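Both complexes below contain chain A, partnered by chain B and then by chain C.
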Partner chain A sequence: MTLKSLVKSVLFTEIMQGLKLTFTHMFKKKITVQYPHQKLELADGYRGFIVHRRYENGQERCVGCDLCEAICPAKAIRVVGDIHPEFPERRFAKEYTLDFTRCIFCGFCVVACPVNALSMTKEYAHSSFTREGLIYSKDQLLTLGDKCESESIAYLKVRNMWGAEDSGKDEGRYHFPPISATQSGG
Partner chain B sequence: MDTEKTTGVKEDIRQKEIVLGSLRQAVLQNLDSSIQTDQFLLNMGPQHPSTHGVLRVLLDLDGERIKRSVPDLGYLHRGTEKIAEYRTYNQIIPLTDRLDYVSAMANNYAFVRTVEKLLQLKVPERAEFVRTIVAEVQRIVNHLFWLGTQALDIGAMSVFFYTFREREELLDIFEILCGARLTTNYYRVGGVESDIPQHVVDRLYRFIDAFDGNIREYNTLLETNRIWLARTKNIAVITAEDAINFGLSGPTLRGSGVPYDLRKFEPYGAYDQVEFDVPVGQNGDIYDRYWIRIEEMRQSAKIVRQCLDKLPSGPIMTDDHKVSFPEKGNVMHNMETLIHHFLLVVHGFNVPPGDTYCGTETPKGELGFYIVSDGTGKPYRMKIRAPSFVNMGAFDFMAKGYMIADIITIFGTYDIVMGECDR
Partner chain C sequence: MLNDLASAVIVIVAVLFVLLTTIAYLTYLERKILGFMQDRLGPMEVGPWGLLQPLADGIKLVSKEDIIPTEANVAIFKIAPIISLVPAIISFAVIPFGKDSFHFMGITTHPYITDINIGILYVLALSSIGAYGILLGGWASNNKYSLLGALRSAAQVISYELNAGMSVIGVLLLAGSLSLVRVEAAQSGGFWHWYIFPQIVAFVIYLISGIAETNRTPFDLPEAESELVAGFFTEYSGMRFSLYYLAEYGNMVMVSCIATILFLGGWNSPLPFLDFVPPFLWFMLKVYFFLFFFFWIRATLPRLRYDQLMRLGWKIMLPLSFANVIVTAIVVYMIRR
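After this line comes the complex of A and B, so read on.
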């Protein structure tokens, strides 16, 4: 053992170097976030809670086509489609339940939806004391959708699903089947 | 690999073999000569903070030395392989996220590559580059996570904070790319889900520029620290021959001096267009495997930089519309597209009958998917060759003769993730 290494081993120089590094970090910018009081800005297109969307006139978009149920890898969605009571040429989801205890937030249901009725938001901290509390009905999903409308639109824009909405072609918006202007009030 | 290279490597391995063999012999002799006490069976786990999940090990002890250790796997078994038989190929991609949940992107990549091999699908060039960039970023994320937790297990707590600081930055980038931080679901058969925007490219450049300094920071805390060295040097030594016989892969194999890396031997993605080295160890101990992962992070940063420099423009999804989802705008306007969309969602795309195996170099080792297709939209059988599971086979061999406190370090050195191990 050379003298230099002996001095090093007696003085614990490597531990001192480590302590010096951690000490300098006391004067650097803090990177921690005080979570419940201070929240991080999430990116647009964050795959949070799934919501139902409406057209501008307040009509719900969902046509009960079952595609989200078919593509869901976790089998979290259940759809029962039926003929709309007011417009006989139109279909809608009589029952729609989304089980967030099963949902894996993969975003495939939004990809599958042919009328952009589904979207995802930046909501992530919904919790419940019961299992039933996390099984959302269509009304709950619509209410959540109204609350987070801008987020759901931003999601669709980031994921390149907004093209048809901005194209200005009216028939593209109400395709399933086309609804005339007089009927759209309902 | 050409024959000249092979013989060179073989000779190299044989040389190391002699040194490592004698080292291992000494440890085992030490075991035999110690005082024989009654057999002591110790149950460790499944609820133990250092087992990185739910791993149970039965330890047969002689005093404080390990005579035998039997890993008891299966606590996190979710039947992914069986579920996959009832899902279309697209639906399986989010399931693979949950295999090795620390590096979900790498699992996605391994799976979509296998399906593409069955389909004989050509992926656009930009998609290949984006895939390579994301896979290498995932490698850095995984190794940062490993370094933090391994140091934390041994007792060096501050490294954990520094590695997680960088990991956070990269996970934010994943969040922009795909909307999630861990369960990414980003790769698609025939490309990737969304394009890499310019501000992410700039952010990645900034990260790589600062990353070398960050690695030096971790090294200041660990590399010369005598506690770290005492806990890692000459622990869990495995020779190259044994490592090959046990079927180890990834850094665990390369630590013993075998330069086996699928990115070099069977280049995929954009790996044949970038320059990088495969770091190999000499002693096959925990310190060497630590050093290899540190070096791999540097190489990954190098690969990401080269890929960002060369990033071509163009589509990110294949134009084969039998496989890729049609554009949403067309679905809403065009009846033919809508019918096709319905078919893709409900039935999936058909894969020609046949079977294939495709291995991908993930951060943990060689992750392989073996898929048997009967020509329908769902796989007839899917087998996952998980590196953590195969590496676990050598656990008893590697732990034999070492102290009970080293068990924690030996768990860590595999970089084991139980989600992948139990599948």
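After this line comes the complex of A and C, so read on.
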């Protein structure tokens, strides 16, 4: 043991340094977020609960194409497509269930959707006492979508799924005009 | 006679009340201070700034299910936490908290429960008995983690009690008495009379031994979470668990009180013109400084390895404390002659 290290250990220099560090940290700003009372701002691209969207006239967008079901890696989505009873040239989802107990919130279904019928929101605190409570039907997804419309639009915009920048229109990759618009046009 | 009895009861009730409240709020203070040192906030939910947390913890622990392992030695399992707690609390009988006698409902009483002429010896003896509680609890649980924790604890307490005892002797030589009241009185008249200055080596040794004796980080090997679950009280739950907890914090307060009395002058004010502050407050201030130091050390230092612990105790601190006693004895003999 050299003289220098002996002096160091007798005077506890290293322990003093450590004590100084912890003492200064007592007066630093705390990083705790008091969660239920205080929530962090989420980014627009946050992948929360998935919702169904509507056209501006209230017509649901989903055309029952099964692409989301096909791409879903967790097999959380089940779509039963059918011909629209009023407009035989149109298809729609007769049944649509999304099992949030299986969903991994990867966002693939939103990417796959050709008509921007799906989007993601900043909702994350949904919970239920039963498994059935987390299996959402199409109506529940639509209701949630109506509630979080601005969030779902912001998600599509920030993920570059909102159509061309300059058009400012919500077109999706394929343009299926709402049924009423087709009716008035044709 | 009746007056003596009444005064004793008043002091005992007051000491117990202050002590148990202190212990309860130490758990809160520890969590707060550790949190603040780690850039967290600590308990915040129960009451404003989490101030009612000790109460909530107490209710939880008392109302919990009482579990005794089937293979345990039931009688010893039940009595071990009591053996651990009682010495921790009754050793406060000799601690003088203030200077003057005070009047309460027409009865004159003094700021200590009793002043026996072997005060410090009594405290050291009781802290040794407390180690039996840990050892018996660990053995009676019939669990390998408990047993290992208890063995470590026994080895640690024996090695470090020796150092604590030896470091105290220097102060006792200077004061010429084992009575804590007289040790405090001998340090009156300003901070330059405090024994921390002539006995700085003993002070450091006592502080380190005190931390080790109370099984606190960095010497918390008996309850090393990463290896031994919770050490000797792995199998304990509910009320018995809280008794061990109370004993640990009671011992912490005890070590802080002894350090205050022996080295920082107890209730003496540091400068003569500060005498207007009640001696009781000075005492509390110093004790709380040591308690803060306990938490501060816990937030700073990692746990020692077992061989490092033994090396520090037997090869470094014991020779140092012996040397301190010899040097102090010679100097005191020279001066007194």
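Going forward, the second predicted complex is superposed on the first by the 164 of 186 C-alpha atoms of A that agree within 3 Å, B and C clash if a C-alpha of one lies under 4 Å from a C-alpha of the other, contacts with A are read in each partner's own complex, and residues count from 1 in each chain.
In this section, a contact is a pair of C-beta atoms (placed from the backbone, for glycine too) under 8 Å apart; a residue touches a chain by one contact, two chains touch by 3 or more.
Keep in mind that this is a model prediction, so the values were computed, not measured.
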Clash or fit: how do chain B and chain C relate after the overlay on chain A? fit
Vertex chain A, Cα centroids of chain B and chain C as endpoints: angle rounded to a multiple of 10 degrees is 60
Between chain B and chain C, whom does A:Phe23 touch in the aligned arrangement: first, second, both, or neither? second
Between chain B and chain C, whom does A:Ile15 touch in the aligned arrangement: first, second, both, or neither? both
Where does A:Ile31 make contact in the superposed view: on chain B (first), on chain C (second), on both, or on neither? both
Contacts of A:Met161 with chain B and chain C, given as first, second, both or neither: first
Would you check which partner chain A:Phe108 touches, where first means chain B only, second means chain C only, and both and neither mean what they say? first
Winner on chain A touched-residue count between chain B and chain C: chain B
Taking the superposition as given, tell me the minimum C-alpha spacing from chain B to chain C, whole angstrom. 5
Chain B and chain C contact sites that coincide on chain A, given as residue numbers: 15, 18, 21-22, 31
Going by the contact rule at the top, pick out the chain B residues touching chain A in the complex. 87-88, 90-95, 97-98, 158, 165, 168, 172, 175-176, 178-180, 183, 185, 193-194, 217, 220-221, 224-226, 325, 327-333, 338, 341-342, 345-346
Going by the contact rule at the top, pick out the chain C residues touching chain A in the complex. 33, 35-41, 44, 296-297, 299-301
Would you mind writing out the residues of chain A in touch with chain B in their complex? 9, 14-15, 17-18, 21-22, 31, 42-43, 45-47, 67, 70-71, 73, 104-108, 111-112, 114-116, 120, 155, 158-164, 167, 169, 171-173, 175
Complex contacts: residues of chain A adjacent to chain C: 15, 18-19, 21-23, 25-26, 28-32, 34
